[in-house]
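In structure tokens below, several structures.
Each of the next two complexes has chain A plus one other chain: chain B in the first, chain C in the second.
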Partner chain A sequence: MTDLTLNPTRNRLQSQNWIEKAGIGHILLALFLLIYPAMASDFFLTQIGGYSLVLGMIALSLMLLAGYGGMVSLAQITVAGAAGYVVAIFGENNSGVYGFGWPWWIYGPLAIMIASMMSALIGWIAVRTEGIYTIMITLAVATACFYFAQQNYALFNGFPGYNGLRAPEFFGVYWRDPVPFYYLCLANAVVAYVAVLYGARSTFGLTLQAIRDNQRRMRAIGFNVTAHKVFAWWLAGLIAGAAGILLVWFNGRISPGTIAVGPSINILVIAIIGGLRHPIGPFLGAVIVVLMQTFAIDLVGAERFNTLIGLVFLVIVFISPDGILGLWERFKPQEGRDNWRSFKKAANKSENQGRNA
Partner chain B sequence: MVDTSGSHSNPLAQSQGMTRRQVWGIAVLVIAAVLIWMVFAQWPDWLNSILISKKAFLSAILNGLTLAGLYFLVASGFTLVFGLMRNVNLAHGSLYLLGAYIGYEFAEWTGYWLIGVAAGFIILAVVGLVMQILVFRRLEGDDLRQTLVTIGISVVAADLMLAYWGGTTYQILTPGWLSGAIKLPVVTAVRSNGTEVFLVYPFYRLVVLLSAIVIGIGLWLLINRTRIGSMIRAGVDDRDMLSASGVNVHFVFAIVFALGAGLAGLAGVVGGSALSVAPGEDVRYLLASLVVVIVGGMGSITGAAIGALIIGLAEQIGLVYFPTYGVVLTFVIMVVTLAIRPHGIMGRSM
Partner chain C sequence: MATNVAASRLQGTGTNALELDGVGRQFGALAALSGISMRIAAGERRAVLGSNGAGKTTLFNTITGDFNPTSGTIRFFGEDITTLAAHERIRRGLRRTYQISQLFTNLTVLESVYLACRGVSRRRYSLLRPRASDGAMAQAESIVHAVHLDGEKDAMVGTLSHGQQRQLEIALALAGAPRFILFDEPAAGLSPTERRDLIDILNALPKHIGYIIIEHDLDVALRVSEYVSMMHNGRLFKEGTPEEIENDPTVQEIYLGGGHRHG
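On to the complex of A and B.
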């Protein structure tokens, strides 16, 4: 019986071509995202497309921690902001403070490195406690960082922060132009998305999920729970750091307002609205929130946007804890239809079951 | 937990001359003596040069104590609610700010400051009750969703308060009998002609400190000496057993939530009179209550008092002696506490 069930699976895995491996949904999505610049205006390309991808990446780093590690963090924008400040200090700015003018290929990796180290540090503090404490501690860290950046003029240039940050020019392209910036964000987001998707199935990813489900048991088996969690934080920091660089290139500036409590809650809202089950959720949430942000002006006026987003968030938390993805899971007719391969697998399984019976 | 009474758990220690408790006792006595000397003695020049001046130092200490009183008022409700319901109420800062605005409105309307304080407490208690019944009871047992809901509420509340009261800063006026400054019997300096300069301090701030102490003692008595208090303590330890022994847990929850929210509202009025009321204060006091309960330990009134004392003093001393790094000091205290005692100074593992 084991032969019957195992062999076809193995054969099918071997005979799969890359289209089946990636899944039809992903391919359609990729095609759409690639030709999106052809049909979108500059505004839709940068303010909606690029910005959603950047916010989606920051929310993805939260999804990685919360969805796979069970650690809901409110400090992801702080990590992204750390990368942004590194860019401002070591790159060029026109605020007249620091701005060493290093080339992008030095300050970029440096920013990601510092952000990821900071994320690991926050994680190391936060994993000393568990569950609901994590949210409190990361919120306390994020708020403390915000106040520190606001008060400190020596390093963070206080309230005004840094202005005039320019994206670099290389290969003859200015990377803040709408189309290049969109593709730059898309490339980063795709790398992060694929990394999270496949990382979740790796040994480390599975261990992390096991720790989320039963920490005590994993510790008893002999896993170093703290090290795994801190490493997850470090990985999340890589994604958030990369997104932070894109964010300052997008805004052209970084100030304490970027890392305030509002934006940090915003990231959580994006991740929750999208759903924490699958890495696509944060991007979905980011698109929804950015669209709402842009068009809520017509609906409720620019002033009351926070009320609207807060109410949407409350409704989502109340009716569907897994966000839009959870709604989708609930209303689709049968299990495993979101991806072509699992559909075939389900069909295969029922066939096998029929044969065995 | 075990080694707090060192002399009993470790008989060997007695043969070494002093027990751990005696060492701690002597250390506390020495520190107290130094502090008393610093308050009443006339400072030598080297001390003045290190700590700027005696006046600056004592003002920082007094401001720290006042702020600690305020933080205690805000954080005690937060810690009570968490201890009983495992519900991290991240809308607690919003409750503080709403209390402050309501206190302002009532104080302006009636002309009596005390009515403003009472209104802040009562209306916020009702708001807390409504929140508990409409929101948290529906999501019972789901910590994360409860917390997320409080985040959503705080976002909406902050925006609606901004819409109604605008971005201007309000100041709740204290009545005449509370305002003004008093001379404390502490000499800060001696002029060249021999007259002594006494420390002058706003009377109202001392009242804040005093009321925090009174309310703290009241809470302690309520928790430790009354029937409802014993129910609350039992609920903190084991909610299910309390419910199984025939107590209406929802009733206890509602009371605690109303009390916690009411205290936040009261703190809003009291704090809004001492400092000011403006958008953004909600985040400030939310951070304060978070850090206070992380340091002091969740679910413990004594812990909230200790945490508030440490954080309040650290913040004000930091403000005077290293202005732009004051927040870092708070932060370092939090990290060190977490490293040594992950559940806070008075906290127990849940």
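On to the complex of A and C.
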């Protein structure tokens, strides 16, 4: 990885020192994120920093499916929500329903496991479809889950959901305090980000991208395409599930509103604004959307807020189908241009240059 | 050589790589294939000829499971694979190339071939990056070399020339330990030099690997095969050695009469 390079397909196995391996862009970014608490107020630390990292992780799980696997899912917030409900039911809550009070180190892994299984199940339903139909079927699943959670009081406590969820205290730290919560989110996001970045070049990562490019050929070289796609959904569920736990610790509550259609589309908007080509995209998108949600509401009012975010979405998609990442790509120096969307352009260009010379 | 194969076919000795019995495929009212029965010995190299729309590609699709036949049975080394999932057939040693290249445009050449090697071995779900010392990676390197793509191994597949993409199609079919390969017009659109390269690659295949090659160019077909099947309107109507086919009056009339197509 040199710099924050946006062309994940070109890195060869070369012996490099760790600075070259990580890339100067990553190191600067890491430094900034590490010292951010020294500069930021509690509000900026939690409501902007922590929240962006959490939403970024959920969008990252979508990026994994859509960017590498070509499967656009609207059910990622549903998966995160599943983890959230597990936290509410098995951890502590103030709603007087369930709240078994299990320790975080039991309900945490349990929540991630259940969320990932649910993701795999949604995937197993969705992989029968292609393109727009995948979007439709995951939207249908997300909507069904929303209504089910809203009407089911036995398990989901219906419309009010669960309140009074508390982040744990351990190592003498209350992990919902601004600085610890920020670092907790940062640590999780970094693990997920690095895992996706590394995994993209792993055998399975290549497999997933090959499936995106040509399923028929994948079958004809011996791959069980369906099983590989479902596995990708399961992996995405791990990330979304972990983010779901952080999300309910952040909010202190979970209700059907958390997994409604609005939030689920929000995740798609984040991923697309940021760009689906590199795992940094979802985090960029999350920062932008969270900043807009926080400050634009004051300026234009809650009513017109969705119009505004819709406009920003349209403008970005219009000038750059690859989101912010695409813009960055366009204005940065030549070298990184031959990525997987624009390599054709680049090829034509160099061909033309060759001809002119 | 050709006569040996013909003789062994007649005696029915040894296992057959492929046995088709009454294979048919309907597309609505159109019978793209009907009543295809053929036996192909292990290690045999067979050419399938026939005019456009004769059903040659459809025959391949039913054998590899891209779609199933609507009637008949297909055996691969004695095992009934008629309704087996496509990837399972591949894992049993069947391979194919496509008439229209089916490649991974956003992977590199080496990555593509590596995946083809991985697809028929273990650790397909590995979340680790492949090491250069990985067996599948080492095999991929040697296959890339065998199809003369060394210079392009780190190039994105989408940037390859047509000829190079056709070579990569072949590389994907050679990965793993193929026992039998179906080549669908591998020479289509190739320059004369590339054609010669192709013939070299095919003739350099280990002797135990049999194949069927669909080829419009008789010169190529006859140089890489020992036995020829002729198809017309979804039926097999003639089988024989290259000499028999070339001299057969019906063949001349139906196929060669119109002047055979190049490319």
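Just so it is clear, the second predicted complex is superposed on the first by the 319 of 357 C-alpha atoms of A that agree within 3 Å, B and C clash if a C-alpha of one lies under 4 Å from a C-alpha of the other, contacts with A are read in each partner's own complex, and residues count from 1 in each chain.
Here is the rule we use: a contact is a pair of C-beta atoms (placed from the backbone, for glycine too) under 8 Å apart; a residue touches a chain by one contact, two chains touch by 3 or more.
Everything quoted here is computed from the prediction, not taken from an experiment.
Participant: After superposition on the shared chain, which partner residues are touched by A:41: those of chain B (first), chain C (second), both, or neither?
Facilitator: Neither chain B nor chain C is touched by A:41.
Participant: When the two structures are overlaid on chain A, which partner does A:268 contact: first (chain B), second (chain C), both, or neither?
Facilitator: first
Participant: Looking at the overlay, what does A:148 touch: chain B (first), chain C (second), both, or neither?
Facilitator: In the superposed model, A:148 contacts chain B only, not chain C.
Participant: With both complexes superposed on chain A, which partner does A:72 reach: first (chain B), second (chain C), both or neither?
Facilitator: first
Participant: Once chain A of both complexes is superposed, is A:209 in touch with chain B (first), chain C (second), both, or neither?
Facilitator: second
Participant: Contact-wise, after the overlay, does A:304 reach chain B, chain C, both or neither (first, second, both, neither)?
Facilitator: In the superposition, A:304 contacts chain B only.
Participant: Would you tell me which residues of chain A are touching chain B in their complex?
Facilitator: 72, 125, 128-129, 131-133, 135-137, 139-141, 143-144, 147-148, 151-154, 261-262, 265, 268-269, 272, 303-307, 309-311, 313-314, 317-318, 321
Participant: Going by the contact rule set out above, which residues of chain A touch chain C in the complex?
Facilitator: Within the complex, chain A contacts chain C at residues 9-10, 12-13, 198-199, 201-207, 209-210, 212-214, 216-225, 228, 231, 338, 340, 343-344, 347.
Participant: Touching chain A in the complex: which residues of chain B?
Facilitator: 86, 88, 90, 138-139, 142-145, 147-149, 151-156, 158-160, 163, 283, 286-287, 290-291, 293-294, 298, 323-328, 330-331, 334-335, 338-339, 342-343
Participant: Can you name the residues of chain C that touch chain A in the complex?
Facilitator: The touching residues are 64-66, 85-87, 90-91, 95-96, 98, 102-108, 111-112, 114-116, 118-120, 123-132, 154, 156, 158-159, 172, 175-176.
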